[in-house]
Amino acid sequence: MQCDMNSTSAILLVHCPDRRGINAAITKFVADHQGNILDYDQHVDDEAGIYFARIEWDMEGFALTREQIVLAFTPLAQGYDITWQLYFSDTTPRMALMVSKLPHCLYDLLARWQTGELDVEIPLIVSNHPDLEPVAQRFGIDFHHIPVSAQTKPQQEAKQIALLKDYKADFVVLARYMQILSGDFVRHYPNRIINIHHSFLPAFAGAKPYHAAHERGVKIIGATSHYVTEDLDEGPILAQDVMTVSHKDAVTDLVRKGKDLEKIVLAHAVWLHRNRKILVYGNRTVIFE
Amino acid sequence: MQCDMNSTSAILLVHCPDRRGINAAITKFVADHQGNILDYDQHVDDEAGIYFARIEWDMEGFALTREQIVLAFTPLAQGYDITWQLYFSDTTPRMALMVSKLPHCLYDLLARWQTGELDVEIPLIVSNHPDLEPVAQRFGIDFHHIPVSAQTKPQQEAKQIALLKDYKADFVVLARYMQILSGDFVRHYPNRIINIHHSFLPAFAGAKPYHAAHERGVKIIGATSHYVTEDLDEGPILAQDVMTVSHKDAVTDLVRKGKDLEKIVLAHAVWLHRNRKILVYGNRTVIFE
Amino acid sequence: MQCDMNSTSAILLVHCPDRRGINAAITKFVADHQGNILDYDQHVDDEAGIYFARIEWDMEGFALTREQIVLAFTPLAQGYDITWQLYFSDTTPRMALMVSKLPHCLYDLLARWQTGELDVEIPLIVSNHPDLEPVAQRFGIDFHHIPVSAQTKPQQEAKQIALLKDYKADFVVLARYMQILSGDFVRHYPNRIINIHHSFLPAFAGAKPYHAAHERGVKIIGATSHYVTEDLDEGPILAQDVMTVSHKDAVTDLVRKGKDLEKIVLAHAVWLHRNRKILVYGNRTVIFE
Amino acid sequence: MQCDMNSTSAILLVHCPDRRGINAAITKFVADHQGNILDYDQHVDDEAGIYFARIEWDMEGFALTREQIVLAFTPLAQGYDITWQLYFSDTTPRMALMVSKLPHCLYDLLARWQTGELDVEIPLIVSNHPDLEPVAQRFGIDFHHIPVSAQTKPQQEAKQIALLKDYKADFVVLARYMQILSGDFVRHYPNRIINIHHSFLPAFAGAKPYHAAHERGVKIIGATSHYVTEDLDEGPILAQDVMTVSHKDAVTDLVRKGKDLEKIVLAHAVWLHRNRKILVYGNRTVIFE
């Protein structure tokens, strides 16, 4: 899909019980106000009986202002029991990064940001180790070192959350942040914390997945990006990818090769999130790609 | 997408110049006649300014008969300059097979047909060699041996076409048929002859692609299924897949490994065609998957 | 790798503690008796300190007979503490098939056998259901229906084993055989029973993996072929492959798409086993491909 | 393969006409001087009758010095008509980068270098545009802007070569350098200039491959890394990878998605080159992976 980068578009994400005419009602709403639909993607889960859609239309020439859209769409949404989110393409979201010691995902995201491939603001990097501060400096981003131990976790998480609020982070990316976030932390950013796990989940959840994969003798390794929930490695999956390995690969080879998977999969998940292409329902995702 | 196998559905394939409201008009047409949309997939090619859609709805409870749909949709189609095709899921298409000596794609398609995975009728198999007649017999399908040489091609093609007409073939699958069809033959079945080429087109078009791939030292080989047009190996692409190879693979290894690619890719293309999931425009395809 | 199909080759599989000179000693053994090495593949597991190799040489012009090879290699093997297997390419192994109701893997293997792609003898098909007997008849293979229930399992497994012995099966392929074999059964064919599991193991072991994959919302599904051991779905992995899926895929779509994975992965594992390209150590495999 | 990073190893790359005993002779050479083989990979091209091998052994405890290896191996090499290269793992090669305006491959390689994943020295970056100088500065690397036009090409290439010599570059990586190098330039660094082409070669050689891929309607795009020879896009292939695309992808989507392919494929080729895992013969490569 391609759209003019210079004009603003509205992005409407909806889901509701599937009913005859829902599709027509929504497209009619846009058409009735002279909306030029740029992209329209819908999905019906027949088993669950749920209708999902992502509609993007050009705001140029549209008959309603942003506030009027909300007013006009509310009664329609109520009539069809629609849960909805409305975004505008000229709002650049603010992405906070949390890291530990491994730099590959951090470098990859910063390069994508620098080159304009990933259209976000990156106000801060938070880490439980000081190691990656030079990388932050190299890209001119505030770096906050907040060490975390079992004892200090509650107060340190409070500091982290305060920082994220201060810096007005819209969402958080754990770029190989090697700490488990508490349920309390997670509840501040529901479906807005993106993690990369270095295995093909649900295989090899938990610590040291490459060691486990090597021990099991698998012929393929993977990486999984998911929203963080209170259950470790159990959140809704955003993206996965895999690569072939063999008996020739020692654990260190899996670690080395897996880095590329982690980078690609995490960056793809972040791109999907930033571009409002994800709908979460239950513990699953609809990806409008 | 899942739909009740026991009820009949209507499948409407449309494309037209993209205009404000086209989407709403079509969905409204179905909704206005109490149609329950089972599957709705649309695509806009922004560059070309073309709107494409595949709409499938349940005929149970629909207010129009098959003939009435045609009458009712015609004025709407004219108003929006829509090119359209209408199918019903209870019509099983008749697939003719053309083969030479290699049996792997033939066996694969026959097994998929026998097991119900591919819902077609297979009235006949045509071949320029007698070798695969035992396979046809094993599955109880008429086999016609029509040898073709440079001299006899016109009259032999005439025989082939007569057979296809006699057996009421709706479409033709070249399951490694090692002869080039004339433009005259092709014009009898526009976008209804499916070929499998044993390379990742447009790389290695023409004869002996595995030899050419080996000679070039590629690290990946592929297979491509496309509609046959008058230009050899140039028709609209339906499906492609690839696999990794290495310097260890001799040409015979590429041939052996490539067979799996050919089977999978051809069977997928046939499945897409049979289930009305392909729209051709220019020399490209929209695949509603 | 390519070798003349008409001449006989010897295939030696070895593994032993890694020691300086082991490589030279084995290649020298072959060279000293005028052996022309057709293929030589070796692997050292540095962590475990184990040396693995597969050496294939031409028997034409080799100075030793088959029996003399055994006599001559035994002292070398003892000196280096080598565990070894010796095969000759002119011995065609006998493969028994066990199936239930699903025909796709059965058809696929039978077609590969018929077309010469898989060089085995298939003396019999054993099933706990009568459904696939027509397929066996179509290919002219003995079919034995041995129903199995929780109560009758021990005596029915005894019948199965007796059949396998009568028919002189060298190895057994479970082509979607939906019964768990007892440890007693498995011990009759150690590392000679090949299963296909319809998931990317270790994810989704056990029953209904496609349902579990759908429930978890994974973006990739897989299939795994492994040797059967007493621990369900825990045996050494021979081959794995994956394909991309999306939220659009219902469980029935995963089942449909997964069939291709199952066929390809199982056939590849069988091919590796038949061509003596697998070494098992611990619960892992070295694949000489 | 894993080896102790702290000790030095010798890497010997050989190819020669395949003769009985060549394998034994080489392994015996290493064993006779107390060499502990860390990695030994060999390949015989049966068609061409050529033997290839890469042998890596620990220099600790080896009976010969670096100079003595050369002296001792020379007669053996002459006897078997062996072409050979000898490297030592403690020599870090110097990699020059040539770029134009696109930063993604440059950032990716610099990040791999910074994080120690790619063990090279990067003495300089040469570009025909000034755009990426800030990236070079960010990583503290000398940047030379040498504009090139059709008229100035000979003298500007002379400047480039002089720079590469001054900075003692061992090999050159074209990280999306959008200029064709002259045959004269290429001859200074035979099999030591690595390019990334943004298509699955030989498909879509030349300019604007993503446009051509879109126009042709392919379902898969790729990237190819190869050594630069005098024939554009025709050099020996080092690495290739692909990804699935669909009718939904506009050219701009192909460009965006392809960047990840380009990064991964180029970085992999550079890693192979740096670690002496490539043998070129004719226009093909043996990759010891």
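Order as written gives the chain letters A, B, C and D; numbering starts at 1 within each chain.
Assume contacts are C-beta pairs under 8 Å (C-beta built on N, C-alpha and C of every residue); 3 or more make two chains touch, one makes a residue touch a chain.
Small disclaimer: the values here were computed from a predicted structure and weren't measured.
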**Q.** Same-site or different-site touching of chain C by its copy chain D, using the half cut
**A.** same
Q: Please work out which of B-D and A-B is bridged by more C-beta pairs in contact, and write that pair.
A: B-D
Q.
Between chain B and chain D, what distance separates the C-alpha centroids? Give it in angstrom.
A. 41
Q. Just curious, how far off is chain B from chain A if you go by their C-alpha centres, in Å?
A. 37
(Q) At least two partner chains per residue is the criterion; list those residues in chain A. (A) 1-2, 46-47, 248, 250, 289
Q | Parts of chain D lying in touch with chain B, wherever the complex brings them together | A | 43, 45-47, 52, 200-204, 216-220, 222, 236-237, 239-242, 246-248, 250-251, 283-287, 289
Q) For the complex, which residues does chain B have touching chain A? A) 1-3, 20-21, 23-24, 27-28, 30-31, 34-40, 42, 44, 46-47, 244
Q.
With touch defined as at the start, can you tell me which chain C residues reach chain B in the complex?
A. 1-2, 103-104, 107-108, 111, 114-115, 117, 138-139, 248, 250, 252-253, 256, 259-260, 264, 267, 289
